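As structure tokens, here come the structures.
Both of the next two complexes hold chain A, though its partner changes from chain B to chain C.
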Partner chain A sequence: MIPSKTIRLALLCSAALLGIPALAGGILSGLDVGEPTPAIPVVDVTGAYAGKRVCYVCEFQNAPNVLAFFRDADDATAELIVRLDDLYRRHKAKDFKAVAILIAGPDAKPWLEELDRSYGIEIPLVVFGKGPQDVGMRLYKLDPQVRNTFLITVNRFVESNVADIEPSQFDEVTRAASDMLGKIGDR
Partner chain B sequence: MAAVIRRTCWLVGLSLSAASVGGNAPAAEIIAAITAEQLHALVEEQRGKVVVVNFWATWCPPCLREFPAIIDVYERYRERGVEVLAVSMNSADEAEDVEQFLATYDPPFPVYIAASQDKTFYEGVLPQWFGEMPMTLIFDAAGTNARVHKKPLTHEELASDVSALLSLR
Partner chain C sequence: MLVINALEARQVKNEEARFIVKRWRTQLRSLAVGAAMLCATVGYAQEEPSGSFIDGEYVEGYVYVPEFTSPQELKKLIDEKSTDIVIVDTAAPLIWEEERISGAVNFPWAPTIALPVGLPRDKALVIYCACNDHEDSIDMAEKLTHLGYLNVTVLEGGWFEWLDLGYDTEGSAVEGVPR
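For the complex of A and B:
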């Protein structure tokens, strides 16, 4: 089927040239599915280790979890964090974990504290100690231009990557987390 | 075995030989940086003993919870031929945290800091290691890497491994 192969190749090349990674089969930001999640120290703002540098990836060990990275301290991020917290509350009995990481760095601390006060967030809210220059950006292959990156992981490997979504698209994260938890339940 | 390295200051990049020989007075007062190759050489020097190598960091909560068990197992088994090497994965700008950690636990075995905190170091230590922590390797008397634990160990788990490997000598 040479013609269809050629068309497919042409479409992929066009997508790549137009900078549409999703169409080209790539990802927008973050580690790809199947990649391991390395240890990553962050500064805890509202969690059990508030005020300290801590590695939640280490703390979670092999538990199913969502590592959520956010670029901006804005309304859309607030809504996504509230939804992520709700997801956590619904599944925490299954040892499910989640953490929200503001890549803006320590400047976002007051905003996170206010968010925690306003909504009683249970998941830890943390920041990159060195902001966008933090080693975590490189370790997790985060694109600083992308608004958010959700890594759905278990046994310290990425199961799904959902990136650059609006709050109205949070169902994608919910679905990915449910799929992961379902798989664990089946094992 | 290298002289036990104590710490009152931070010196990344110090050559392991200078630190471990102990001939220079300052060597007994520093934490030496160690590369993966140097670590393997240190383990090799201990052939005939069971060697536990533990990788930890001050920001790794399970590492902190595990550390007292490592000290305890070392103290219980060292007379029977067990050595422990602890390697911090903290970066150079976390010196104060490391100081505080060591002051709290006062480990009776040598403590080093990884010369780099990246893939080169991880893979140099163990090809299948991508930086999970804590991580513990246990080498048998022949110098073979007999156990790999990419999780915090309980006192019982570590004692059981060490005891089993000692009995094979």
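For the complex of A and C:
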């Protein structure tokens, strides 16, 4: 049965609307640029509060930082965390902060501890207390299909959003963080 | 004759020297006055206001110092069913819906408070957050104080300590869970 003209028009409009964000390079996952970053409780695995519930967003307050969310405990995530840690080390003198949050939840704890031991990671490695069902997923608008989401933030607002990247594309995060730090330096 | 000429020459030199010294003195005095004026101006420009606006009025020398309520005190007030307090949770609505201190209202932390504020002014507000060092609750308490809420305290230890103490919570995540 051929749909009526009105239905066809509606379908066409819906398809066009859905296509707009993709064409404009819209946000794949995570809070949009300009949105405030709410407090988000996580379970600390390797940071200063290891074993405790903690809120790094609150602790960072207005400091420039990267909130990095990872879906999988795999090699690509490990490489991205190592690169993020390197970025942190290069800019920590400027009060720059970073945290890596494993969406997988407490099951990823041994993997994170091993990563910390192997690479001597300085940034806190944490997990969502309830894994992919954690309220943090909805609060931070994280798409469970997306492998990683990097929110580059300052003064509790998102400055840039970089999502679903390969380790070879980490330069996008580096560039966004450098731009943010440059802007702060200019103020 | 030679002696007279020599004396005249010395007198001229002395007068020239005196004139140069006098000119230097005048220039130095001007410089000193200029420097003093510059310092005063710079000092004035760098002077930051030492007060703050509290409920629309400027209060000179105001510095916000948070006051705290201990979890034990709050528990006692809840157990006594006190109607003089309002417990304020600064978490995002999604988190508040999931779990909160029993009876807490939601007033999410935001960089700026949207007006009008829907919290009562005739009650003692006890504010808490799920933070490491009360960051969001202190910030919120300070902002509310600036809006004229003068009976505001911060829950010591916040949400995490409340949970550690095993005190009552409510919300969708704890419904049907015996405590």
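We take it that the second predicted complex is superposed on the first by the 163 of 187 C-alpha atoms of A that agree within 3 Å, B and C clash if a C-alpha of one lies under 4 Å from a C-alpha of the other, contacts with A are read in each partner's own complex, and residues count from 1 in each chain.
The rule is short, and it goes like this: a contact is a pair of C-beta atoms (placed from the backbone, for glycine too) under 8 Å apart; a residue touches a chain by one contact, two chains touch by 3 or more.
Because the structure is predicted, anything quoted here is derived from the model rather than measured.
Participant: Would chain B and chain C fit next to each other on chain A once aligned, or clash?
Facilitator: clash
Participant: Counting only touches as set out at the top, which of chain B and chain C does A:49 meet: first, second, both, neither?
Facilitator: After superposing on A, A:49 lies in contact with both chain B and chain C.
Participant: Counting only touches as set out at the top, which of chain B and chain C does A:59 meet: first, second, both, neither?
Facilitator: A:59 sits against chain B and chain C alike.
Participant: Return first, second, both or neither, reflecting whether A:38 touches chain B, chain C, both chains, or no partner chain.
Facilitator: both
Participant: Does chain B (first) or chain C (second) touch A:155, or do both, or does neither?
Facilitator: So A:155 only meets chain C here.
Participant: Examine A:90 and indicate which partner it touches, taking first as chain B and second as chain C; both and neither are also allowed.
Facilitator: Neither: A:90 stays clear of chain B and chain C.
Participant: Looking at A:141, would you say it contacts chain B, chain C, both, or neither? Reply first, second, both or neither.
Facilitator: neither
Participant: Of the listed segments of chain C (6-14, 42-50 or 60-68), which one clashes with chain B in the superposed model?
Facilitator: It is 60-68.
Participant: On chain A, which stretch or stretches are contacted by chain B in one complex as well as by chain C in the other?
Facilitator: 36, 38-39, 41, 49, 52-55, 58-59, 61, 135, 156
Participant: Per the contact definition, I'd like the list of chain A residues that touch chain B in the complex.
Facilitator: 36, 38-39, 41, 49, 52-55, 58-59, 61-62, 135, 156
Participant: Taking the complex as given, what residues does chain B use to touch chain A?
Facilitator: Per the touch definition, chain B meets chain A at residues 57-63, 89, 91, 94, 97, 117, 130-134, 151-152.
Participant: Please give the residue numbers of chain C that touch chain A in the complex, ascending.
Facilitator: Going through chain C, the ones touching chain A are 90-92, 94-95, 98, 108-111, 129-133, 135-136, 159-160, 163.
Participant: Can you list the chain A residues touching chain C in their complex?
Facilitator: Chain A residues touching chain C: 36, 38-39, 41, 49, 52-55, 58-59, 61, 135, 138-139, 155-157.
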